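Each chain gets a letter, A, B and C, in the order it is written, and its residues are counted from 1.
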Amino acid sequence: MRHFIGKRAFASALSLIGLIVLVFFLSRLTGDPTALFLPLDASLESRERFRELHGLNDPIIVQFGHYVWDVLNLDFGDSIRKARPALEVVLSAFQWTLILALTTVFLVTVAAIIIGSLAAFYAGGVFDRIATFLSLIGASAPDFWIAIVAIVLFSVNLGWLPTSGTGTIWHWVMPIAVLFIRPFGLALQVVRGSMITALSSAYVKTARAKGVKASPIIFVHALRNALLPVITVIGDLAAGMLNGAVVVETIFGFPGVGKLMIDSILQRDFTVVLAAIMVSAMAIFLMNLLIDIAYSVLDPRIRY
Amino acid sequence: MTDTDQIPDKALEKEPNAFAQMMRMLWHDKVALVAVIFLIIVAFCAIFGPWLLDAAATKQNLRGRNSPPFDMAKGWLFVLGGDALGRPLFARIIVAASNTIMVATGAVLCSMVIGSTLGLIAGYTKTRASQIILRLADVIMSFPSLLLAVIVLYMLSPSVTNIIIVLAITRIPIYLRTTRAEVLEIRERMFVQAARVMGASDMRIIFRHILPVVFPTLLTIATLDFAFVMLAESALSFLGIGIQPPEITWGLMVSQGRPYLTNAWWLSFWPGLAIILTTLSLNLVSNWMRIALDPVQRWRLEIKGKKQ
Amino acid sequence: MRKLSVGLLGASLAMTMMSPALAEDTDVTIVLSEELDLIDPCMASQSNIGRVVLQNISETMTELDGSGGGLMPRLAESWETVDDDTWRFSLRKGVVFSDGTSFGAEDVAHSLKRVVAEGLVCEIGAKYFGGSTITTEIIDDHTIEITSDPAQPIMPLQLSGLTIVPSETPMEYTREPIGTGPYVLSEWNVGQNVILTRRDDYWGETPAVTKATYVFRSDDSVRAAMVATGEADFAPKISELDATNPATDFAYPNSETVYLRLDTLTAPLDDVRVRQAMNLAIDREAFIGTIIPAEAILATAIVPPSTIGWNADLKVPAYDVEKARALLAEAKADGVPVDAEITLIGRTSNFANVTEVMEALLAMYQDAGFNMKLEMYEVAEWLDFYSQPFAEDRGPQVIEAMHDNAKGDPVFSMYFKYASEGLQSALRDPAVDKMIADATAATGDDRTSKWSDLFAYLHDEITADVQLFHMVGFSRVSERLDFTPTIATNSEIQLSQIGFK
């Protein structure tokens, strides 16, 4: 196992470097930030000065050299727009995203496994139909609908929750609830599908025939087999959230990394884009490693 | 753990008239039947919609904008109300089906085929290639789709193909990783080991033994991805990369109706409902097919049929 | 039992967390649409930064009265011309910066130097002082002479945009802005809020607001909802669609003008008849009160009617499709390639309903017989089309743009949009170049009439573009505030103008 992790860490480091190189060169194909940063009527001289100041006139390979040298010195550059260290900008946003994503993923996992298992156990029954129906509607509805309707209902009309922002635990309720809905629908369906297959396989039938009670059947035998695709899908959803929950962040004024990333891409604030990708990529790589380890824990036959 | 999973789809082939039997099962499961009918209607709209209603869907009337739904005074086309330019929403939803289904089907199919193929390779072989594929998936997962879209926009000209490419690339990892996770486990099962001992080729093992087991999960993800792709596509149109007005998709209609959500809800509600219903139907049909095609499970449908 | 009491404690704790810290009733919360990247005074011409900084933290030499009162003194008490290119300003005495240092001519000179400094990209410098060389001479502690090359007859107006910083301010972006204004920046919680508190040693009248908290929400309806629930007191920008409560919601002219820039360098748009046809083919009235707010005004020039020289004699072209078709046919007969496909380019999220407006324009043009297609782009790509240098093989392009001029003088618009060298100009007309140069150098009534003539020439003689609407903004003000938004609200929110009912 230690050998596996060591090899994996090395491979991941290589992919991270590849990713950064790729992003560095590709993002610079999308124009430079000069026209976006300066007012429309800025003269050609001031544009030139801006480019000179931020090294945008250098050949791209020279710019890359500077960047690599700085990163080796643990300097990830300054944000052009914010005049602050890019890494600081990203980390302060990422902490919010991390809490939001972890809480939501935890809730999704627990709820999907419990409700999905029950739906599979009573497949075709009323509970199954209702759970499937509601979760599918939630998963395919535009998320801003749910967010805005929730604000109008719970904040403006009922006055139960604050509309948006941060500060108290109540501010977290609506963002987490809205973020929960879509992944929950998909995770629930995957749990349900895998569990139906697992429950109808011969060994579970045998256990049933032997008179083992309902809940141990589900949770010990079937679940173990069904979990592989489930954690994979939840992992993918978590990766999406670690890249930022854009709709939730824009509507609820939540200072996460998703809106930061989008704004930085649209404004060509390359250093922030690179720092943000670096941080979220590390989180995603780590998560995928944990998932792979979880496979072999769940199913000892799987070895790498 | 006793492992006696069977190779699916054998029973069906033996049936003298498989199609008739499917139809009979479908008839007995009314929910699935409704879903199938709905999908046929959507497909019909996608093919013939632009040809039938294009003129009506683009006829603007600024002074009759945002007309509320269920008011038949302006003609049956306005049954779902009018949009911000006074165009009938009903006609627009039907015309938009064409672009919407094209983009969504294209993106979902591409990502599913490419993703699951790579996933099969990564899961089945233990070579260096599988490591490279997986790290590539890590990279794609960490690459912001918006950045990809902006890059594509700058390097290529805006077109429907490009939007499909962007959407497909970003959705590859989920199929890839899910397929691989399942293959890792199935590979170790008794029947696969047995097939291998008996000298079955790798191709045969993958396509006859492994893929049928993995497929249902992929289908579940793919059906929900339809909704995701339909909505994500409108975000890319904002950049100027995808479908451009006056061309229209359901996702674009939903996002254009967003500011009106509290004043004229119908602008984004109906296209959103179309997305929800299509996704729901796809999912219900895929759930039904999963049972109908699986000989171990089929008793569920047949028992129900007999009861009625 | 023990468990229960712990639970109760938790619940009561949660309850206290839920109610915000007891706010004084002279505190206000303002919800802006965009997070601030910087709070440097030299960036205050950016509207989201200006709304926090201008006249609250940093003051200017002169001030343009938002309610139409013209140019007023602020840190300068009076001014006069010394000769054609030099102005003398007498500064207010007894003014101190929030760091305790006193304000004098030295600070004005430094502020002017700082906005055009190399190594620091200041928007104010690029916007108001680009293209001219400014030199200063300090006469005494409270008198300064400012010279501009070329001569600048409206320098006092330009100085209404210059934020004054103390002479110790370094030549790099500061995160702790120091100014002479009635408020200081007391907290900046990045991503969450910016808090200004009232100063005790302000030179002027003590304002009523003691503390202002700025928060940021990019969604229109959320900002409106925040004022409705009392979480915020003022939202300077809400959507027209949410502005449904007459007690709290106000429309104000926001000094923005929407127009279509015609590429007069490319056929068929180089033919005046085609450009006239483009003006006649659209039903401007139909937009007003439908997808453009009812309070908006049809435009005949790129600057709003409150600008000097705005020409009241110009008539909005009547909607006449027949005539447009006739003009096109006439041009076609003369060999103008009127069938060439014209690209109509819009900017996504430029203003509310921009996509609908563009779609409607497209339909009207197609109806009149134009061969046209629509492309909508996000700002970065759109700028490539709008600003020089233009692509060589671009084909005929019509570009939608919205221009802001709240300064009351056309000089801030005309050169950039119409002169041959102007960065967003697709016009190469020596007569226009000369008229702009003459008007820029003129003063008084002569200046007014020269601008007027230019507007008439552009609109009636050469039909340089398609002017559409002078826009309005909507804001929501809590009923407990005594405050009415004006044309200035687009660029600044003076807390000292906010009272309580």
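We take it that a residue touches a chain if its C-beta (ideal position, glycine included) is under 8 Å from a C-beta of that chain, and two chains touch if they have at least 3 such contacts.
If you're wondering where the values come from, they're calculated on a predicted model, not measured in any experiment.
K.L.:
Could you find the two chains linked by the most C-beta contact pairs?
P.N.:
Counting C-beta pairs in contact per chain pair, the top pair is A-B.
K.L.:
Quick check for the class: compute each chain's Cα centroid; which one is farthest from the centroid of subunit C?
P.N.:
Farthest by centroid: B.
K.L.:
Can you identify the chain nearest the overall CA centroid, using each chain's own CA centroid?
P.N.:
Closest to the centre of all protein C-alpha atoms: chain A.
K.L.:
How many angstrom lie between the centres of subunit B and subunit C, each centre taken as the mean Cα position?
P.N.:
Centres of subunit B and subunit C (C-alpha means) sit 45 Å apart.
K.L.:
Just the number, please: Cα centre separation of subunit A and subunit B in whole Å.
P.N.:
Their C-alpha centroids are separated by 21 Å.
K.L.:
Measuring centre to centre with CA averages, how many angstrom lie between subunit A and subunit C?
P.N.:
37
K.L.:
Using the touch definition from the top, which residues of subunit A touch two or more other chains?
P.N.:
Residues 30-31, 148, 152, 266.
K.L.:
In subunit C, which residues are in touch with two or more of the other chains?
P.N.:
221, 378, 380
K.L.:
Which subunit B residues touch at least two other chains?
P.N.:
150, 153-154, 261-262
K.L.:
Which of the residues in subunit C come into contact with subunit B in the complex?
P.N.:
220-221, 239, 241-242, 244, 283, 286-287, 290-291, 348-349, 352-353, 355-356, 358-360, 362-363, 374-378, 380-381
K.L.:
Show which residues of subunit A lie in contact with subunit C when the two form their complex.
P.N.:
Contacts found on subunit A: 30-31, 35-46, 49-50, 53, 79, 81-84, 89, 92-93, 96, 148, 151-152, 155-156, 159, 162-170, 250-253, 255, 259, 266-268.
K.L.:
Where on subunit B does subunit A make contact in their complex?
P.N.:
1-5, 31, 126, 131, 134-136, 138-139, 141-144, 146-147, 150-151, 153-155, 173-174, 177-178, 181-182, 184-185, 188, 213, 216-217, 220-221, 224, 226-228, 231, 254-255, 258, 261-262, 268, 272, 275-276, 279-280, 283-284, 287, 290-291, 296-297, 300, 304
K.L.:
Can you name the residues of subunit C that touch subunit A in the complex?
P.N.:
Answer in residue numbers: 14, 17-18, 20, 37-38, 40, 45, 118-119, 121, 123, 125-127, 130-131, 172-173, 175, 190-192, 215-219, 221-222, 225-226, 228-229, 231, 378-380, 383-384, 386-387, 412, 416, 423-424.
K.L.:
Which part of subunit B faces subunit C closely enough to touch in the complex?
P.N.:
58, 60, 62-63, 65, 84-85, 150, 153-154, 158, 237-240, 244-246, 256, 259-263
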